[in-house]
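Chain naming follows the written order as A, B, C and D, and within any one chain the residues start at number 1.
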Amino acid sequence: MDSTAQSMTGDRIACRATGVRANAAGACIALLRRDFVLAWRRRGELFLPLLYAVIVTALFPFALGPDPELLARIAGGVLLVIVVLAMLPALESMFRADLDDGTLEQWLLAPQPLALLALTRVIAHWLTTVLPLIIVMPLLGALMNLPVKVLPVLIVTLLLATPLLVLLGAVLSALAAGARRSGILLALMLLPLAVPVVIFAAGAIAGAQSGMPYIAPLTWLAAALVMAIVLAPLACAAALRIAVES
Amino acid sequence: MAHWLAMGGYAIYVWPAYAVFLAVLAWDWFAPALRRRRITRELRGRLARERTRNARTERAEAST
Amino acid sequence: MSRSYLPHWMHWLGSPPNFYRFAGTLRPWLMALALASAAIGLYGGLVLAPPDYQQGDAYRIIFIHVPSAWMSLFIYATMAVAGLIALVWRVKLAEVIAMECAPTGAAFTFITLATGSLWGKPMWGTWWTWDARLTSELVLLFLYLGVIGLCNAFEDRRRGARAASLLALVGIVNLPIVHYSVQWWNTLHQGTTVDFLDPARSSIAAPMLWPLLVMALATHLYFFASILGRARTGLLSLESGKQWVRTLVDGQPAPTMEAPT
Amino acid sequence: MTTPPAPAAPLLSAHRLAFSRNDEPVFGPLDFSLGSGETVLVEGDNGSGKTTLLRVLAGMLPPGTGEIHFHGEPASRDSRNGRVLWLGHRAGMNEALSARENLGFLAGLYGARGGMTAATAMERVGIAAWIDEPVRTLSAGQKKRAGLARLLLLQGDIWLLDEPYANLDRRGIGLVNALIAEHCASGGGALVTSHGAVRFADPRARHIRLDA
């Protein structure tokens, strides 16, 4: 860390003399690195969503009976819903700590656009809390007897759908950060926004499962993701400004 | 009249629908009135307390 | 803030005491008109209009169901516009109106769902179906509840109003997407779709159409009367420290000065 | 540090600046400017709007009426960000990370000053030994000092310091005054709030008095 600061200092002297501001890429990398260090320090917490997903997945066969065909038929949708539910608790605390300790005030005055920092935070959040869920998908798929040919489609779907959900969740999390309590409120706010995502994701998975074309819903998801990458950070930044105002 | 009330056999669907409509809108209409009454009552209490407080300090000032 | 380029009357009306008085005068008239037109509309719909040749008398739910559905969307749009004004210009009145729209909008959305369910049971044989329109309406109800919940979760009501306004704006981008996606989803799972007798079909006969339109007028008038009353109450609680509220509440001039310390 | 030649616009200036919360005036209208090398002390009792004034200047609250200029440009994200450093009641540091990690991150956002590292900044504020401890374990005074280290490390010529003396012992207060003096000597400026209990070192500092 010290050496980074040292090496940064080198460029900054030049920056200062010419009046050039700290660059955006460097800021994003610094934020990513910080969030990774923080996640690593709390790595125990990162396992909780995984554990949750495994437990819930394991409950389904008990509740529905071990009929492999039944499980195979519902596996895709069930796993999708489990991933969405497992993502929820972490979404709530996306900005809360930073608001409470004053870090957001520092974000607000940083030379970089607030939306860029918010987008970087979304990326860090997705990589640390959601990616592990996607990585264990083959295991969960096996528990649910998911047909092997569906697994790649499921994973691609999740790779498109979960960033979208995290982007939407970031806006809501920023909105709720200034509030007294959130918890169930975040789920209530997320539901309407998540409906289209879940519909298209489930459509792609169902298509793959029944041998029908699944490219169209994936394309819609991808288009929505591109749109959200542009718009959601802006909304998130506006929400963070409201949260910091007091 | 009874024929009309029967709604061609659909009375158990039609009239509850109208009842829901009226009940929900009645709630919507009267809820703010109740809230308003609570607000004015609280405010009146606050103003009364303020007045007694001011009267007391004025008396205290007069006596010193 | 720079509100000076707004028309003069808007500026005047934006002042809470002015709005309070103006709304107080207008409200009874609007409500009287709403009740009168509702009486005409209901008489036309429940008495004059003939039974439907397919649905018998069950279709008479249309006279409240469809106006409520229209209102649920109209109020959402109103809320979003007021929310936008609240966010951009920070007009207090716009914040109040945006937030007071939400309960009434939720009420109409709930009515739409409940009456739709009561209509659906005899027509489709089921209380609920995941039809595109019903599902969108349900999502709309959740949007309203989210706005109400977010607004109330804030200690500072004005900040809560602005946060909830932003949520309302996000929701208005979301609504068409929801509607489209639900339609797509519904055609995908064709088995669950029930033959929906389109209630707003344009081929509706004139004796049925005019009561429907009069009822739509009545609900709009009701909404305007209701939002004026709600906004009055909202302003009263938000401005409770102000002189005009104090004079209004107890008729006597309030103490001009805090107790000297 | 490079300062523009003499007739340059002040670092920060406010013209008829006023703020109302819920239509109750909080402060103002105020006219003041903060030139290069100057310190402005904002005094007033609790509730007189000192913190609010600083938050308005920092863009965390919308200005009610009036104008704010940074380096002669009307206040906006572009004219403000990267020039202003903010020290508020909260440290602006994550409790689970060490001061070194926090400072490293913020240096990534703001850029670090020439010749300054997290270590040298922490050394200067006298808590070098705690640089690798989680911020959670620092005392309130040490957190404040860590916040001062942030001011030293990061680029930005306008310091907005909200109650920098709070939680500090006598030596800490001396340190704050010394840091402000150094910052001003190198061409920066500082706007400092204080509820008046602390004697401000620089006799040339200008004062703004806010009354409740």
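Things worth noting here:
One rule holds for everything that comes next: a contact is a pair of C-beta atoms (placed from the backbone, for glycine too) under 8 Å apart; a residue touches a chain by one contact, two chains touch by 3 or more.
What you see is a predicted model; the values in this text were computed from it and never measured.
For the pairs A-C and A-D, the count of C-beta pairs in contact is higher at A-D. Farthest from subunit C in terms of Cα centroid separation is D. With each centre defined as the average position of its C-alpha atoms, the distance from subunit A to subunit B rounds to 44 Å. Each chain gets a centre from the mean of its Cα atoms; for subunit B and subunit D, those two points are 49 Å apart. The mean-CA centres of subunit A and subunit C are about 33 angstrom from one another, to the nearest whole unit.
We define each chain's centre as the mean of its Cα atoms; on that basis subunit A and subunit D are separated by 35 Å. Multi-chain contact residues of subunit A, defined as those touching 2 or more other chains: 245.
Chain contacts here follow an irregular pattern that is not a line, a ring, a star or a complete set. The complete set of chain-chain contacts reads A-C, A-D, B-C, C-D.
By the touch criterion given at the top, residues 4, 7-10, 13-14, 16-18, 20-21, 24-25, 27-29, 31-33, 35-36, 39-40, 42-44, 47, 50-51, 53-54, 57, 61 of subunit B touch subunit C in their complex.
Of all residues in subunit A, only 171-172, 175-176, 178-182, 185, 188-189, 191-193, 195-196, 199-200, 202-203, 206, 220, 224, 231, 235, 238-239, 242-243, 245-246 touch subunit C in the complex they form. Of all residues in subunit C, only 46-47, 51, 56-58, 60-61, 64-65, 68, 100, 103-104, 107, 110-111, 114-115, 118-119, 121-122, 222, 226, 229-230, 232-233, 236-237, 240, 245-246, 249-250, 254-255, 257, 259-260 touch subunit B in the complex they form. The touching residues of subunit D, when paired with subunit C in their complex, are 22-24, 62, 64-65.
By the touch rule above, subunit A contacts subunit D in their complex via residues 1-2, 4-6, 8-9, 12-13, 15-17, 21-22, 26-27, 29-31, 33-34, 37-38, 41-42, 97-98, 100-103, 105-113, 117, 244-245.
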